[in-house]
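What follows is a pair of complexes built around chain A, which joins chain B in one and chain C in the other.
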Partner chain A sequence: MKKFRISPPVAAIILAVVLFLLSGLLPNGYGSDVDVAISQATNIVRLAVFLGVIAAGQTLVIISGYEGIDLSAGSVVTLTAILTYVIVSGENAMVIPALLVAIAVGALVGFINGLGITFLKISPLVMTLGMSGVVTGAIIVINHGNVSGKIAPIMTRVIARPVAPNIPIPGAVVIWLLFGLFMWALLERTTFGKNLFAIGTNRVTAKLSGVNVTWTNIGAYALAGALTGFGGFLVVGNTGVVFIALGQPFLFPAIAAVAVGGTLLSGGKGSYWGTMAGAIVLTLITSLLTTMQMGESVRRMVLGATLLALISLYGRQKSFRQ
Partner chain B sequence: MNVSLSARNIVKRYGGVVALSDGNLDVQSGEVLALIGANGSGKSTLSKVINGVVVLDGGQLLLNDKPVQFSSPQAAKEMGISIVFQELSLIPLMTIADNIWLTREPTKGLGLVDRKIIEKKTLELLSLFEGTYETVLSPDTVVADLPPDEKQIVEILKAISFDPEVIILDEATASLDSRQVQRLFELVETWKKAGKAIIFVSHRMEEIFRIADKYTVLRNGFTVGSGEIKDVTENDLVKLMIDKESVLDFTRDTYDEETMNQKPVCLEVNDLKTEVLAGVSFKVREGELLGLGGLQGQGQRELLLALFGDIPFKGEVRFLDESVHFRHPRQAMKKGLALVPGDRNREGLLYIRSILENLLLPSWRKYGLPLKMKKSISDANQVAASLNLKMAGLQEPVSSLSGGNAQKVVIGKWLMRSPQLLLLDDPTKGVDVGTKGEFYTLLTKLCAEGKTILFYSSDDEELLGLCDRVLVLHDGKIRSELIGDDLNKESLVSASLGVTNGGES
Partner chain C sequence: MKKITWNSLTTRNPALFAAILLVLVIVINAIVQPNLLAIDTLNGNMRVFLPLILLAVGQTFVMICGGIDISVGGIVSIVNTILATQVGLNGSIEQLWKFVLISLVAGLLAGAINGFFIAILRLQPIITTYATGFLYAGFALFLLPNPGGGIPRAAADAYRTTTPLGIPLAFYIIAVILLLWWFLRSTKYGRYLYAVGGNAQAAYQTAVPVTWVIFSTYVISGVMAAFAGIAITLLSGSGNAEIGNAMTLTAITAVVIGGTALSGGVGGVAGPIMGAVTMGLIQNIISFSNVNTWWETLVKASIIVVALAAPGVINLFGRRKS
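Moving on, here comes the complex of A and B:
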């Protein structure tokens, strides 16, 4: 007999729908107004895009296993957002160069993370946490605390507005779907993706099967940094302003989104579709807490506790590594 | 003080595997009993039962003629039974003194550890092996800094530190040099005089005849003989250890040395050295199935790993008339080598990943970008079918397979690359009888196709049944090379144990 199992991404989507329906019952929820409900749902998915893209890098390093994690993601988002802001300075023509710089700088930070983890054998937690401090310091040094710049009109047009006046799908959502397709291809249709799952499951087997464990691992961190840099670019395209604490609030929810999406925190198993579903769940929880009109400080506490509960719940899946 | 220990009809099963069917032994005050047997005969299991490390499934232990049951090693210790393990039970980052007195630290008031007494007692113990140390040993030396022989000595000191009545030495001499062995044997003599009973588990015949008074031989989990050492010879013991009737029912082609010698050399190894191997040289010709024999842990594993580029080595290796020195398995793999490692789950498989991904792991690069999945699936299906792999589907995880089928996946992932030289590290361990037969057929077939196989097995029967030529390793060296008529059970076991009966050494 085959056991009936729901795959984690599907479970996360079901959770999201249930949470959304519940949010309608709140005193100041959308109630029975379908139009409001749809626009609210659209808005939540739009907000989930930024968390989702930032969680992509996290997905890669968590799949790479052996306590893989990227705690520098928050500060990389801030750094690349500021760089984008400064480089673009309101010029449409500078958008592509800014995007490339954001990706390259993110990749560089990730590459250094990877070198430290593989060659200096620093645990990913310590390495990336230290890197987070370095990047934050670098932001302050470069900008002396004040930044002048501006995003370009085309960024707002593509990222924040609907695709077309009569189609109410935000541009960011379309970008996210294409991005999801890219991530799926990367994980499931490239040698790198296959090797990444292999090193996350068992590095001895991987090495004895001819996988270059070291460079696959470094590649995972560098790529994660690049994807986070892209995340920073998108974030500033949405907010239109930058500040030093811009990226940090994304960090912990991103890790939680990966876990909720069914990626094993011990590595070797997972998908980006799951992370996308997880990002929607996490965004919903945040908006739910806002709708409940909690004070900022209480909201932070509740959110933190919820994230811990989710991670501990999902982190309990047994690793089959022996 | 008199002590006696008897084991009666001991049975021990691990899951479905019977490790011990009928284990018996008797030992008394002032005696050294040698416990002897080939690989997997149940020696270690019997000593673990006596020491309380494993709980017996049947039979009885008698201490001073009274039935006893040990639920833990601690319980056995309290009754005065102590064991020196071959795999060390020391904590590397703690000092010698801390290791020896762990859980039994002498204390003064308020439960504080009395460092002075510990130091004094440790110095007394260390003085027992005075003069055999290369390094300066003090109670504060950290165990991790010691060479293997001195670690073994600390292990011995730890076992005797609480003055036990029965001492089990499980391969305790394996890593000691001759001076240290001499000192240990002098100590054993004093323990005998003090009325202690000693059980000596060893593969070294020479030592057994030097120190033991009595012997007990185990074979396939049964006690098959015991008596006084003075009544037997080395060859008598070897014969007892061998099961005459069970030689594999598998016919190999008659070995024609001349035809074989005309074939080109596939692999030539000259003076290969690693931490474990002390200079190994040999040649294998194309289409040959060369066996590696010997007791476990004599360097067979290291030889295969070094050839595959997984561990560093010194020496010269020529593969297909080309000098090679692989530094990563990837390089070896590209040249046409393949390794089936000894520990299937830890080294051979991605346990939670699918059968498909396991089969294709070394080969993904051949399938382009994006990966041609249809092609990879049909290739994998082809190999799975040729191996008669029983599975629910390629997408199922490897963890859903039985041991034999999982091993087929490990072999299958290399067959997908059609390698020239296969290095096999005990590939039939934990594999059911039916699948073993399939492997034998497969190996013979591969050789007939011109592939070369280097095959280590812990099962002597397999080597005898399959190989034309067997190199027997002992202490990191090739002890003897057995060909044709010289290749029989007796010569194989003798060579493994380091017994020299007239032949070359």
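Moving on, here comes the complex of A and C:
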């Protein structure tokens, strides 16, 4: 008998739409006001952009398999956000250099992660956890309790505001769509992408088919760091302020977004579209719980339970009995 | 006779590196803090390290079986909030014992929930325990929204000053754990643990009850987390729903420094105990060697990364030579 299956990204999107429609029925929901509903939906997608971009690097390292994970992502977001903030200091001209520095610093941290994981055979979870501590330490040294800087007007204009006065689509959403296209091309249309899936499925067969396993793996971590650095740049462009705990709250939701989007945590299978859908679902649930004025404790419990329910639907591994 | 290499030594005794590292940090610590081995200092240190040791031991069972449990911090918080809210500063010692028992049952239940989702529903450990960790942390916050409450002063004093025969209490607890482990290792269950961690599929085919072995490791981890929660409550004497958050990842690092691989199948209980003590002593060394406060986190994290990287570096050079 053939089992009926929906692909995880589609399931996540359906879930998001259903949840959003149901949220209109809440006492303080949008009710029958279509304009309010649209602006609420836009806002949720806008908030999901930052989680989604930060989860991109996570998607890459998780696809690379063998317990691939990047626990340094949270602190890299904070570090690159602070660097952007300091370098830009309100000057439009400094935005591009700051963006390049953010990406380069992220890539450097990722590269070190990759070296430790491949050459020194440290498990990814522990290696990236250790690096997270080092990066946090570096942030404290740079920061010394307070930083002076400012984001440039052009960043707010491009990231936080709508594209044009009469088109109510936030700039961040457009950036995200282009970013999604880039990620799709990277994963599905390049040799690196193919190799990444190959090493995630089975490193021995990948090696025998001529894939450079070590450098593909290092590349995945370096690229993940670079993408996370870009995420940090976007986050500070949206919030306009920096603080030491800026990036950490993104870390585990990003991993959850990847899992909800159907990327196997054991590697070798997944897509960035799924992660995007996962980021939207997670942001939606969080903001719904806030709208319902739930206390922090209830919010955490509901989020945990929802996540469990979602992964129970399609995160199950093969049973031993075949 | 086969040549003895570093690689063959550490494969046979995974805790060897942890032991060397421990001796090294004890020596350095004794230099910066000459009274380290005085009984009062020793007792003071060991009672602070004990919660982490207990947590690391529980985590080891899960990791030998190839899993990971990142919900333990939540369980520690639940136990802490149960004790702090239900016993109170003016509670009787009988009441304390009653709720200590209830806490252990709570830990067992939380572990069983993890085990149910991971062993029976076959969900991926890291994301499952992340989700249940959210549930547990939320529940702890529900029990005690703001830090407060406490346990009878007499109990906290007893934990601080009990040194039977002049030896700190923590050493007796460690001895009991080691004895139990030594006994468990030689039982059928002990062999099952390694069989499942080494290759679950092969273990299944040789009639090892894989599901129940995996289930049991999460229950053990939950109960040990409850013990850790009791210890940290006795140590702090008060309640805080966030108390366990930071402990999870430190415990995992301690287990890895102790020579247990995240991929499962190797390791023992002595390694993580040494790993946890090492982590505590590193913090000690930094506090005593007048490192500038701003640099503390960076120095500590760098030492940990170097400690994690050292076995890999030694192996790398060993391979070059041969």
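Just so we're on the same page, the second predicted complex is superposed on the first by the 293 of 322 C-alpha atoms of A that agree within 3 Å, B and C clash if a C-alpha of one lies under 4 Å from a C-alpha of the other, contacts with A are read in each partner's own complex, and residues count from 1 in each chain.
The rule is short, and it goes like this: a contact is a pair of C-beta atoms (placed from the backbone, for glycine too) under 8 Å apart; a residue touches a chain by one contact, two chains touch by 3 or more.
Note that the coordinates shown come from a computational prediction; the quantities given were computed from them, not determined experimentally.
Peer 1: So which one touches more of the residues on chain A, chain B or chain C?
Peer 2: C
Peer 1: Taking the superposition as given, does A:Ala224 touch the first partner, chain B, the second, chain C, both, or neither?
Peer 2: In the superposed model, A:Ala224 contacts neither chain B nor chain C.
Peer 1: Is A:Phe197 contacted by the first partner chain B, the second partner chain C, both or neither?
Peer 2: Only chain B; A:Phe197 stays clear of chain C.
Peer 1: Quick check on the superposed pair: does A:Asn212 touch chain B, chain C, both, or neither? Answer first, second, both or neither.
Peer 2: A:Asn212 sits against chain B, while chain C stays out of touch.
Peer 1: State whether A:Gly295 touches chain B only (first), chain C only (second), both chains, or neither.
Peer 2: Second partner only.
Peer 1: Applying the touch criterion given at the start, work out whether A:Gly268 contacts chain B, chain C, both or neither, answering first, second, both or neither.
Peer 2: Only chain B is touched by A:Gly268; chain C is not.
Peer 1: Touching chain B and also chain C: which chain A residues?
Peer 2: 320-321
Peer 1: Quick one: in the complex, what on chain A touches chain C?
Peer 2: 67, 69, 71, 116, 119-123, 125-127, 129-134, 136-138, 140-141, 144, 252, 255-256, 259, 265-266, 295-305, 307-308, 311-312, 315-321
Peer 1: Once bound in the complex, which stretches of chain C touch chain A?
Peer 2: 68, 117, 121-124, 126-128, 130-142, 145, 200-201, 204, 210-211, 241, 249, 252-253, 256, 261-263, 294-302, 304-305, 308-309, 311-313, 315-316
Peer 1: Please give the residue numbers of chain A that touch chain B in the complex, ascending.
Peer 2: So the residues of chain A touching chain B come out as 185, 189-191, 194-195, 197-198, 201-202, 204-212, 264, 268-269, 320-322.
Peer 1: Going by the contact rule set out above, which residues of chain B touch chain A in the complex?
Peer 2: Residues of chain B touching chain A: 308, 310, 328-330, 333-334, 339, 341, 345-353, 357, 360-362, 364-365, 367, 369-371, 373, 399, 413.
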